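What follows is a pair of complexes built around subunit A, which joins subunit B in one and subunit C in the other.
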Partner chain A sequence: MEKYLYIALFAPLVSSLFSLLFTATPKKLFTGIVASLLIITSLISSSILLTHILETGEPIHVTMMTWMQTGGLYIPFGFLVDQVSVTMMMVVTLVSSVVHVYAIGYMDHDKGFNRFFAWLSAFVFSMMILVMSDNYAGLFIGWEGVGLCSWGLIGFWFHKESATWAANEAFIMNRIADLGMLIGLFLIYWNTGTLQYDGAFAAFHQLPTATLTWIGIFLFIGAMGKSAQFPLHTWLADAMEGPTPVSALIHAATMVTAGVYLVIRSHELYSLIPHVGLFIASLGTFVALFAASMALVNRDMKRVIAYSTLSQLGYMFAAAGLGAYWVALFHLMAHAGFKALLFLGAGNVMHAMKDELDPFKMGGLKKVMKWTWIMMVIGSLALAGVIPFAGFFSKDTILEAAYSGNHMVIYGVLLFTAGLTAFYSFRLVALIFHGEERYKLFGVHPHEAYRFMLVAMSPLLLVAIVVGILQTPFFDMVEEVLNGHEYHIEHTLALIMLVGTQLFVGLAILYAYVKYANSKIKVPDGTSKIENSFAYKLLINQYYIPYAYEEYIVKPYRELSEFFWQKIDVKVVDATVDGIASIIYNTGEKTRDMQSGNLSTMLRWMVVGLIILLSLAVIFGFTVKYSGV
Partner chain B sequence: MEIGLNHYLVLSTILFAIGLVGVMRRKNLLLLFFATEILLNAVNIAFAAISHYYGDMTGQMFAFFIIAVAASEVAVGLGLLIVWYKRHGSIDLDVLTTMKG
Partner chain C sequence: MLDHILSILIFFPALAAVFGFMIQKESMRTYGVAVALIEFVLSLVLWYAFDNNVSGMQFVENIPLIPAFGINYSLGIDGISLFIIILSAFFTFLGIVSLTDTPKVKYMIITLLFLQMTMAGVFAALDAIVFYTFWELSLVPMLYIIGAWGGPLRIYASIKFFLYTFAGSLVMLVGMLFMAYFYHQAAGVWSFSILDWYRLVLPENFQLWLFVAFFIGFAIKVPMFPFHTWLPYAHGQAPTIGSVILAAILLKMGTYAFVRFSLPLFPDAAAYFMIPIAILAVIMIIYTSMVAYAQKDIKQVVAYSSIAHMGVIILGTFALNVEGVSGSIFLMLGHGVVAGGLFMLVGVIYDRRHTKLMSEFGGLAHVMPRYATIFGIMMMASVGLPLTINFVGEFLSLLGFYQQSHILTLLAGTGIIVGAIYMLAAYKKAFFGEVTNEANKNLPDINKKELFGIIPLVIVAIWLGVYPKPVLGPINNSVTSIIKLMHAKATTELAKERIPDLTKPRVFLMKKTINKEVN
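Now for the complex of A and B:
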């Protein structure tokens, strides 16, 4: 089995290195094909590992080599495939296989075709390191690796100013959070003397609650950055500057869920500190509502989906914070499937509409893009949590977990958010695929995507439809690791809740269709009443948070930097260095006259030197004589 | 007044000073050799006097060495000087600046 572990882990690396060879050359189709095949190899190996885990229930734990060993510090490159990490491996490799194949079509005309696959596979490798490591140090390597690849892929079209800006924003925000994560790791090592999961978890039981609370908080700060939780959420929406397959893979399905994975992986820590857990759940609930509200009005297709990702991450954190780790993992898995599907569908629409992102300028695309329409509708149904699609099972269980934990506020907010989710998802579908064909005003001729791209998306479609049925087998698999328990609410009550939720979601969908699928929708020009209302302005400007960051953090920081540059650096540091250099230079300039080549002059200098040395000798002699030594 | 060690040392110092000034001021290579001889002999005087004062023959022995070295040095130096004069027709130090950087 170790063989398959190494294949699953290193196939993406080989893929990345292979594509890397061709980054400086024009587009070569085979880099995409080879990369996809290698990622699919990784998927197959992960599936074999999954069947092994399912059959035997035995985790596979290998230590490849020692990374560092000094004094009491021992960190190996060790890998652990257990029920949790194998789930993540399946999610990562499945979505990345789909995205790799899809990207062959999507990046068809792009000059950076080979470079794209190098970055994308490098990302998969980092993500595999992240989920497979058996210690926090390895997890952190993967954590930074995915951050780097995310930077490279958001800024993939680096000739666009906005793309490089977004890439840097994402990188810097993650760096801020990673500091918290690092402090958390230091605290773990400081208090337990190890970074191995098993050793650290065993040692946590002996630690005082205060210490555990700090560890939990700092680790969660790291998770907040990677999973774009408030207040570090602004980067995720801006990250949509990257190519759409990147958004599907990194900013929907895998990397942003790394924070949730961290909390799930550290569940032995968080179950010891339920108060921190409650904070996580509250923040997650808040983010779920907060992000959903911003998605209601946004006029950028990809940003709407990005906000819904943010909102769903909030759901996951709510579940994880309430101790329902397996539910969080299940929602993560289901979400990865349907959200990647939605993004890839959005990618098809973008391709058809010549990179137009405003759904108000589309409309009626159902006729020309039937398959994309079907996929996006199913993806949206799954996202909205309509029975029997994937999102229903996972999201409903989160609601049940909140309800049976007697967290009524969390339950209420999450329920309300579910309605919002349904509304904005179908607002998007209605605007893009139904109603008048507004795109004709802009002179574009949409066409369906390549057939192989649609075929490539079909596994995700399958996930979005059937994953819900796997809930009980999934629970049976992970309960051993996550100590979960199923949530049972009294039967009639559960039925009422189910019907109520479905009715609410259904009404939200209906409302979205009624409002946005009619022929009266026009491209907004900023004159309508709703566009001038306060609430609309607040939401479309993302609660003015990016503005506030720009105004109160970026600008003062810039001013401070300029002060340090012009006053401290130029006038003090540079001046000192330049001064020393010019002293030496001027001394040389002055003293070169000594080297005139004239014997007479040289002899005179020799006499001067002699006199100086003699004087020094005399002075030194007297000093020694009278100092009384 | 008896002539003692100090007189010799003063003489030696005076001669050394004269030699040093000569080394610094003279522009003629030949006279530079003279000045060098004066320097060396000033040191010889000091060696001989101190050797006599302490009754130790090492100083006088050293003076002989210096005389021998000085003689050979002058022989070589004069040889070079004559060659130089034949080539350039001058032994003025200010002209002798081929090593100028």
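Now for the complex of A and C:
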């Protein structure tokens, strides 16, 4: 089995290095094909590992070699495939296989075709390291690695100022969180003497709660950055500057869920500190609502989906924070499927519309893009949590978990957010695919995507439809590892809740259709009443948070840097050094006259010296005399 | 030969440099490359013959110079100095190979070979006077490199560099003389041998004064805030090769000397001054990173980034535990490779455009994709991405210091954020966007000769990031013995507490929790 572990892990690396060889050459179709095949190889190996885990329940643990060893520190490159990591491996390799194949079509005309696959496969490799590592340091390698690849892929079209800006923003914001994670690692090491999961988890039980709380907080700060939780969330929406397959893979299905994975992986820690867990759940719930509210009005198709990702990540943290780790993982898995599907669908639309992103400028695309329409509707139904699609099972369990834990506020907010989710998802579908064909005003001739791209998307479609029935087998698999238990609510009550939720979601969908799928929709021009309302302005400007960051953090930082350089470094520190030097120099210059060799000058100086020495002698004499008495 | 390999390493380049005067101009480059290659191979032989299991000094040579005062020509290396010597030979070789069209190339090569002599001498010396001699001699070739081949302000920059560091080292010399005097008082004989000094336990107040004297000399060399202002001038005016060697090797003399002298000689003082020095290190990290962000000249960005990295090295050194000190030594190598590489890369673009202002560039990734890729890799190594050489050193240095202070480490850790800010901003300005400047439209990509200089550095930067063990192992052994020595010599309570006792089984528990430190 170890063989498959190494294949699953290193096939993406080989793929990346292979594509790297051709980065400076024009497009070569075979790089895309070879890369995709290697990723699919990784998928197959992961599936073999999954069946092994399902059959035997025995985790596979290998230690490849030593990475760092000094003092008491020992960090190997060690890999662990257990129920949790194999789930993540399946998610990662499945979505990335789809995205790789899809990208062959999507990046068809791009100059950087080869470079794209090099980055994309490098990302998959980093992600595999992240989920397969058997220690926190290894996780951190993957953690930073995905950050790097995210930087490279957001800024893939580096001629665009907005893209490179967004790339740097994402990297730096993630770095802020990474510092938290690093401190968490330091705390773990100095308290337990190891960074290996098994060793650290065993030692956690002996540590005082205060220490554990700090560890939990710092690790979660790391998770907040990767998973774009408030207040480190702004990068995710800006990250939509990257090519759409990237958004599907990195900023929806895999990388952003790394934070959730970290919490799930450290569940032995978080179950010891439920108060931190409650904080995580509360923050997650807040983000779910907060992000959904921004998605309501946004006029950028990709940003709407990005906010919905943010909102769903909030759901996952809510579940994980409440101790329902398996539910969080299940929602992560289901979400990866339908959200990637939605993004790739959006990619088809963008291709058809010549990179137009405003859904108000589309409309009626159903006729030309039937398959994309079907996929996006199913993806949206799954996202909205309509029975029997994927999101229904996962989201409903989160609600149950909140309810049965008596966290009524969390339950209420999440339920309300489910309605918002349904509304904005179908607002998007209605605006893009139904109503008048507004795109004709802009002289665009849309067309359906390549057949093979649609076929490539089909596994995701399958996931979005059928993943619900896997809930029980999934629970059976991870139950033991994650100390999971099923949530039992009294039968009638459960039925009422179910019907109520479905009704609520259904109404939201209906409302979205009524409001946006009609022929009266015009391209907004900023004059309508709603566009001038305070709430709209607040939401469209993302609560003015990016503005505040720019105004109160970025600018002051830049000004302070200038000040430090121009005023402190040049005018104070360096000027002092030069000042001392010039005092010495000038003293030399001035006193040089004394040594002119002119007898009368020298005699005059001699007299001066004599007087000074004599007076000093007298002063010292008196001082000694009087102080001595 | 192995008995005298250190002497050969030191004097072979010097001798070759003297013969260099007789070589014709045309064949000088070949001659220089050949000499530097032999020197580099010799340093590799040294590594091959080095016994990884020995933590003490190896290849020791000892010839009395002035027996009456106990001054000996005494050499030896341990795991700490070994790799810096290899690195210096490596950089001299790469520097000469990738040397671009320089006026008076013959004299440049001769100067570089002399410089290599002094560098090998500093890191191999086991006698304070020998150490001091090479330490000061190293200023001379650098003075020439900046003063003769530098930019418009070269005279100012080179004299500033020389006088500033020279003034600092004089204070250090006074410290050395006192140290020998104290040794004489205690042992009855004169000795300048560092190993003899190691055995001397001084009272705390003597230690404090001597520590300060040494500190001034080292801190200016490193350079530590607020003694750092000579560095931006030196880098700004020095030719590429000068900056490369300065950043890669010469700055390491200061940090190396901290480990070789300050820690084992004055353990009580090191523990006493730990927090103030760490505060200086934190200032170096945050303040210079911000200054780097404000720079308009890409070479100055790299120059200031060097100071910030030196801050992390100092922090690791004064962690006073094996993790931190090993990390700081590893980071010395890492920073050498990465900063040296970055200076070389800046040189590539300077050769083409004769400007280093970022506003002159933009969109270089379109015209020079290979160059942009390599620069990107080195930049990421500089930012300290895992699996690159700098990460190992930074991680261990910060990890080590975390045992001493939560808050200072947290502050120093912001280096990974501010470091990313200035580097990414600089990269964005130079490489991303459209090509706006006409002059950049037809720039040739990085050529073979330049690749020959830079690719080995890229390989080392990744190799030692993925597999640091061959280097970290010997370092770890030698550092462990130093920490043991320090703990044994420590007299004050504070030092006993701050320097871990490695003879006892390790107990992993933070001495104070975050809550306590905050209160």
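The criterion applied here is as follows: the second predicted complex is superposed on the first by the 567 of 629 C-alpha atoms of A that agree within 3 Å, B and C clash if a C-alpha of one lies under 4 Å from a C-alpha of the other, contacts with A are read in each partner's own complex, and residues count from 1 in each chain.
Methods note: a residue touches a chain if its C-beta (ideal position, glycine included) is under 8 Å from a C-beta of that chain, and two chains touch if they have at least 3 such contacts.
These figures come from a predicted structure and were not determined experimentally.
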Practice prompt. State whether A:Thr70 touches subunit B only (first), subunit C only (second), both chains, or neither.
Written response: second
Discussion item. For A:Glu550, using the defined touch cut-off, is the partner it touches subunit B, subunit C, both, or neither? Pick first, second, both or neither.
Written reply: neither
Practice prompt. Return the chain, subunit B or subunit C, that is in touch with more residues of subunit A.
Written response: C
Discussion item. For A:Val577 in the superposed arrangement: first (subunit B), second (subunit C), both or neither?
Written reply: second
Practice prompt. Would you sort A:Thr192 into first (subunit B), second (subunit C), both or neither based on which partner it touches?
Written response: second
Item to complete: Could you say whether A:Thr23 touches subunit B, subunit C, both of them, or neither, answering first, second, both or neither?
Response: second
Item to complete: For A:Leu599, decide between first (touching subunit B), second (touching subunit C), both and neither.
Response: first
Item to complete: Would you sort A:Phe158 into first (subunit B), second (subunit C), both or neither based on which partner it touches?
Response: second
Discussion item. Give the list of subunit B residues in touch with subunit A in this complex.
Written reply: 20, 23-24, 26-27, 32, 93-94, 96-101
Worksheet item: Along subunit A, where are the residues that touch subunit C in the complex?
Response: 23-24, 65-73, 137, 140-141, 144-145, 148, 151, 155, 158-159, 161, 164-165, 168, 171-172, 175-176, 178-179, 182-183, 185-187, 189-193, 208, 210-211, 214, 557-558, 560-562, 564-566, 568-569, 573-574, 576-577, 581
Item to complete: Show which residues of subunit C lie in contact with subunit A when the two form their complex.
Response: 160, 163-164, 225-226, 228-230, 287, 290-291, 293-295, 321-323, 326-327, 363, 365-366, 369-370, 373, 380, 385-387, 392, 395-396, 398-400, 402-403, 406, 409-410, 413-414, 416-417, 420-421, 424-425, 428, 431-434, 466-469, 472-473, 475-476, 479-480, 506, 508-510, 513-515
Practice prompt. Provide the residue numbers of subunit A that touch subunit B in the complex, in ascending order.
Written response: 592, 595-600, 603-604, 607
